[in-house]
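First, the structure itself, so that you have it in front of you.
To keep things simple, chains are lettered A, B and C as they appear, and every chain counts its residues starting from 1.
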Amino acid sequence: MKPWTRYLYMIWLIVSKDIQVEWRGKQGVPVMLVFALLIVFLFNFALQLSPELQAGLAAGLLWVSLMFASTLGLNRSISLEVENKALDGLLLAPMDRSAIFFGKSLSNLFFTFMVALVLLPVFSLLYDQNMLHLNLLLVIFLGVSAFTSLGTLLAALSIQTRTRDVLLPVLLYPLALPILIASVEASRGILSGQSKFELQSWLFLLLAGNFLFYAAGILFYGTILEE
Amino acid sequence: MTISCSSQITIQGLIKRYHFRPVLDQLSLTLDDSSFCLLIGANGAGKTTLLRILAGLARADEGEISIGANHNFSDHLLRLNLGYVGHEPMFYNDLTAVENLRHYAHLYLLTDAEEKINQTLHLTGLSQYQGQPLRTFSRGMQQRLSLARALIHNPSILLLDEPYTSLDPLAAKFLDNQLHGLQKPGRTILLAAHRPQRLLPIATHIAWLKAGKICQHLPIEQLAECPELNHYLQERV
Amino acid sequence: MTKQPKVLGILDILLLILVPASLVWIIFFTPMEAVMGNVQKVFYYHVAAAWAGMLCFILAALAGAAYLHARRLQWDWLSLSAIEVGVVFSLCAIFSGMIWARPIWNTWWVWDPRLTTTTIMVLIYLAYFILRSGLTTPEVQARLGSVYAIIGVLTVPLTFFSIRLFRTIHPVVIATGSTGESAFNMSPRMLVALFISLSVFTLLMADLVWHRYRLAKLQSNNRKR
């Protein structure tokens, strides 16, 4: 195999392994989903949201619940590797360590995106607004991708601390703030029917975030994991 | 892919510090091709650190390692030839034994994965348990599966870190036989143990790690010439 | 005990003179802004503190990169020192900003992009301290801390632009005129005062980071024994 195809194959192996583990144990996506729904309900009562919810609030609520739920998935994904030190097995394998980063963040992206796909119709029902929108799906993909890539990187940091996974939100949320803002604003724009032109700058920010975090992953993931 | 066929390991001036203290302090060691070297030393002498550095899991602060004619130790293709058994089994609890092995077989790009999986499962006597999830495995079975994982790609360098830990006498006996069969031309084995007595008949060399340095390294036949080492071994029967 | 370098001692004394001198200059020799009055004079130290804080974080990231490259703990001491000093300066910037905002905008807190970005930066680096305290060996602290310091600085432009974009698109809740500092025209003498405070704070930052670095060095000497 050529080095490049081998690299992609390794990433695929890690993603498919994560999906297989999830399929067996069902410890990740269901928990994330229930947690996301709970947050929606909590916010509903805490903020006294009415069904005639503005597009802006629905978008914000969607993203907050999605990011909270995703954090659970990120922690689950790394603790899976640390348990029994399965991560050492990946580190021993003949591949560049950045492939592990890509594998882990893509599987995290996949799981969070699955949760989003279930959340969207639920939101449409609860707040009486059609949210199944192709452009919105694109924004969710970009936002979640940036968030999970950064999260995958930081989860590998936090898991090495004494408090294990507790630290992840504290590390992740301040750094992910621009992603949250851009995602919410872009989603809000789509739901309120703004033109593509008005959304351009937000999409650009999301792309820049993706670029930055994946680049940081390639550069630093090996450094984070080696002793 | 260029992989040199010699599996001689040369370590020079290796330093690794934790808490400012060198765990490995200017360690140098040469393991000949096809040798079976016992790495002995008290707990905390740095055996695990040395093995983890050789396996590429930890990074040395200073020093050179070359394998065969290959001086670029960080080349990840070198890991194609490397098998490592550590303290932890490195498996996913939710997957079955055979699924775990398949994952590793694919990572090592084995073309005849299923055949190799069956072979190693048979070799380690786990064929009948292959469909069980790993969480149901006892410590001894996990250790055997670990060995299967380390052997599946037929590595020319095998690093074993205290493989006898928490094995009952029967399992230990089984491992004895296994290790006996692992030796072959072209394969270099480094096994760390703090009670190495039972392995003396199998090993070809013995290296004594003390205070971060190799203080003795000699062929097993010359063991008698080193009373200090003999005394150390006697203490730990 | 290692002796304090001479240059550092001179810098200390210089700052003992310069800091009060700059204050005197700002209070007595700088014209009063026509609309805002005396409270505008907070601005000189506010901007200077924010500037010094940002400089610290950039320095910390560079030192972090140097650590990852050379693996010498000295770089990590510099990185840690810069972040500690940077957090203090940023807090000064935030509080002085609030003091300014109270009479001018009639509220303690404004979601101004610069002020919010500074606050987020403080949160990022508070997390940095928690991360370090959760790790046990100095080598691991240095390695993971360096990575985090670099990623932290890289996201700052993203944060700034996202908040700025957020503000410009939304109806402005609190009329800031045009945003922040550009709300008034600076006379040449005001620019001189700004330049003075920026230079003094840069020197002060260097001095504090240097002292903190020496402290880290002494601490590690102590632990090594």
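Going forward, a residue touches a chain if its C-beta (ideal position, glycine included) is under 8 Å from a C-beta of that chain, and two chains touch if they have at least 3 such contacts.
Bear in mind that the values here come from a model prediction, so they are computed numbers and not experimental data.
As a test of understanding: of all chains, whose mean C-alpha position lies farthest from that of chain A?
In terms of C-alpha centroids, the chain at the greatest distance from chain A is B.
Chain with the smallest distance from its CA centroid to the overall CA centroid?
Chain A is the most central one.
Using mean CA coordinates as chain centres, what's the gap between chain B and chain C in Å?
So the centre of chain B lies 50 Å away from the centre of chain C.
Compute the distance, rounded to whole Å, between the mean C-alpha positions of chain A and chain B.
38
Suppose each chain is reduced to the average of its Cα coordinates; what separation in Å results between chain A and chain C?
32
Hunt down the residues of chain A that sit against at least two other chains at once, touch-wise.
Residue numbers touching two or more other chains: 227.
Show me the residue ranges of chain C that touch chain B in the complex, using the header's touch definition.
71, 73, 137-139, 220, 223-224
Tell me, which parts of chain A touch chain C in their complex?
150, 153-154, 157-158, 160-163, 167, 170-171, 174-175, 177-179, 181-182, 185, 201-202, 205, 208-209, 212, 216, 220, 223-224, 227
Okay, in this complex, where on chain A does chain B touch?
1, 6, 9-10, 13, 17, 20-21, 24-25, 27, 80, 83-96, 226-227
Write out the stretch or stretches of chain B touching chain C in their complex.
The touching residues are 17-20, 61.
How about chain B: which of its residues touch chain A in the complex?
Contacts found on chain B: 52, 55-59, 76-80, 82, 84, 86-95, 99, 103-104, 106-109, 133-134, 149.
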